[in-house]
Amino acid sequence: MALVTFLSDFGDQDYYVPAVKAKMLSINPQLNIIDISHNIEAHDMEHAAFVLRSTFREFPKGTVHLVGINTVGVMTHGYIGVKLEEHIFVGPNNGILSLLADNDPGILVQFADIHLKNSTFPTRDILAPIAAKVASGAAIHDFGGPLTNFRKLMSRQAKATREHIIGHVIRIDRYGNLLTNIRRDVFDKLNPGKFKIQFGRESVDRLQTGYDEVEAGDPFVFFNSLEVLEIGINHGNGGKLLGLKQDSVIYIHFGG
Amino acid sequence: MALVTFLSDFGDQDYYVPAVKAKMLSINPQLNIIDISHNIEAHDMEHAAFVLRSTFREFPKGTVHLVGINTVGVMTHGYIGVKLEEHIFVGPNNGILSLLADNDPGILVQFADIHLKNSTFPTRDILAPIAAKVASGAAIHDFGGPLTNFRKLMSRQAKATREHIIGHVIRIDRYGNLLTNIRRDVFDKLNPGKFKIQFGRESVDRLQTGYDEVEAGDPFVFFNSLEVLEIGINHGNGGKLLGLKQDSVIYIHFGG
Amino acid sequence: MALVTFLSDFGDQDYYVPAVKAKMLSINPQLNIIDISHNIEAHDMEHAAFVLRSTFREFPKGTVHLVGINTVGVMTHGYIGVKLEEHIFVGPNNGILSLLADNDPGILVQFADIHLKNSTFPTRDILAPIAAKVASGAAIHDFGGPLTNFRKLMSRQAKATREHIIGHVIRIDRYGNLLTNIRRDVFDKLNPGKFKIQFGRESVDRLQTGYDEVEAGDPFVFFNSLEVLEIGINHGNGGKLLGLKQDSVIYIHFGG
């Protein structure tokens, strides 16, 4: 049974999500459609990209991922298919697909029929049929020609020098834990053995390996299963208690 | 793999949705159950009908649609199966199934055992088994006799004359866009080429074809993929900025 | 197609839910994964247990149920598999699996590799692979040895004597109806034919059989499809109108 994942900001009270699924199932009723999330903040491409980037590699190679966010308007720049680490993504050419990995995608297809259709619901009318057909065995090349203007967005990167790393909160999760863009490999390479991590009014000089190695109410800092720095308060809502939000600065100073 | 869609106002924090799915899967573990929505406003049959009406035709012909809203109480009038445009609907006889199309359903079955069972959870106990069996190949007739008192509700229709159309907002979606009950075919037939569309304190005399042909912050008006008039604010929340809500009046005046 | 159910408090805006599903599908792409709920209140094991306890028996025997709540921290006590009424549960040994039935589970396995892995996302890294493999035919014993310290939590039980039952509200559902821990069999055994049920400032001396046998605005009390006492207000939000919340006391006095 072929897999398609589906990510959007369509919410769960409108007809948009089931209409897209119906369109795919009308092409192949055997599809197994897995929701990534449909409660992405409306129009928030960073949120959408973060969620998909954090999960797509867990799916079997060859999985088709349908991305339905910001698919209408002048910033859309058409609809495309890309291949990245043996996964296939179908979505708008608005930059979101450039945020899924550090490397550029290998295969890029500009879908051919976008000038023929004048749809106000292109996720259903243009992207869903292609996703369903590719998941059912069709080649992504069959749906268009080479893409020449792949739109790129820059994700907010941590800045690293020998003295410090300046990173940011990129997501506060349901539990109030703060996920950052500070990667373990970068930290490990620079860390001389002594460091200070500052966030809000807190400062710590050691890392934990999980959520509860500190007293309840104290802050924890560790590299999580995404291999990025995660910060929170044991048994508390870190975002609220630390006064931090998305984009808040996390500062690491190396040395004495 | 047989398809069943499932629509309810059960929310996503209670045991109601998984219990209904479990009941269907215990009859046929091969069923592919697709959620339409379970976050319909509690008891809101217009919302539920709008979502299902806007999406059921996209599913393959023969799909069984399970409708679990307002299934208990004196207004329920029993449980029925209807066939409409080669789709099969299983739900309460409270009028919701009359709101899915302008035409009357072709086949109507009053389920036989409703007087035998005294369930306080009929979506699970009465409707789910029938939906699962019909999706697995049983005939809807097998579960009851002819329905003689099909309950009808009137959906709010736009009023149209040669001079004007008076319609209403029937749904404000997640993005704040206003979906109305003014249909493109009605508008096209009456439109002499000159018109004025009034909503809230705004008035426009031309249509767009999509969301962003106007300046950011300006209102757009176009016939959307449902072929009904949609109104919003480019890059803004139309409902809030225009001060409109569900049932707000949209007035179209034809001529000079 | 093998069934796995999945219950968590991961919410619907993060990567946690799809990552766990992806991990299972990468082991067996044929799995049919059914969501119980992911919008359980964060860390609320009573809420989670109530929802799963109320629905697992409806699934086919042999179904594997993956439970991902409070899986990290000192209270976790490792990861286990248990067999209960021919259903298999995979989750943390934090007591939640003791809340699913009055009887102790029959087979208990302590998963072997938990000391080898140092994951901050054990639902994905430890539990999901085992759930997927067991659902695909592996034996739960293959993943560890006998469990000797099965953690038990006490669910709040109603207290019953010949004179009275003192119970509590254990869940207020989406409609504002109050589900209690007062069971029909206990009530029936003690009821001499005359009783008074008190909750908030209301008192009733008879039971209904459903939601709307009282006037709109009046309270109803009946034994619902879970065979527990349910209380609400016909056409109203019982929780709000009665001023009751989770853990509020329901008092039944028997006799004259």
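As written, the chain order gives the labels A, B and C, with residue 1 at the start of each chain.
Heads up, the rule we're going with is that a contact is a pair of C-beta atoms (placed from the backbone, for glycine too) under 8 Å apart; a residue touches a chain by one contact, two chains touch by 3 or more.
Treat the numbers as computed from the prediction; the structure is a model and nothing was measured.
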| item | value |
| --- | --- |
| Magnitude of the superposing rotation for subunit B and subunit C (Cα, nearest 5°) | 120 |
| Copy pair subunit A, subunit C: interface residue numbering same or different (half cut) | different |
| Cα-centroid distance, subunit A relative to subunit C, in whole angstrom | 32 |
| For subunit B, residues that touch 2 or more chains besides their own | 1, 12, 32 |
| In the complex, subunit C residues that touch subunit A | 1, 9-19, 21-23, 25-26, 29-30, 32-33, 42-43, 72-74, 118-121, 124-125 |
| Contacting residues of subunit A [partner subunit C, same complex] | 1, 3, 5, 12, 32, 34-41, 47, 50-52, 54-56, 58-60, 171, 173-175, 209-212, 222, 224-225, 230 |
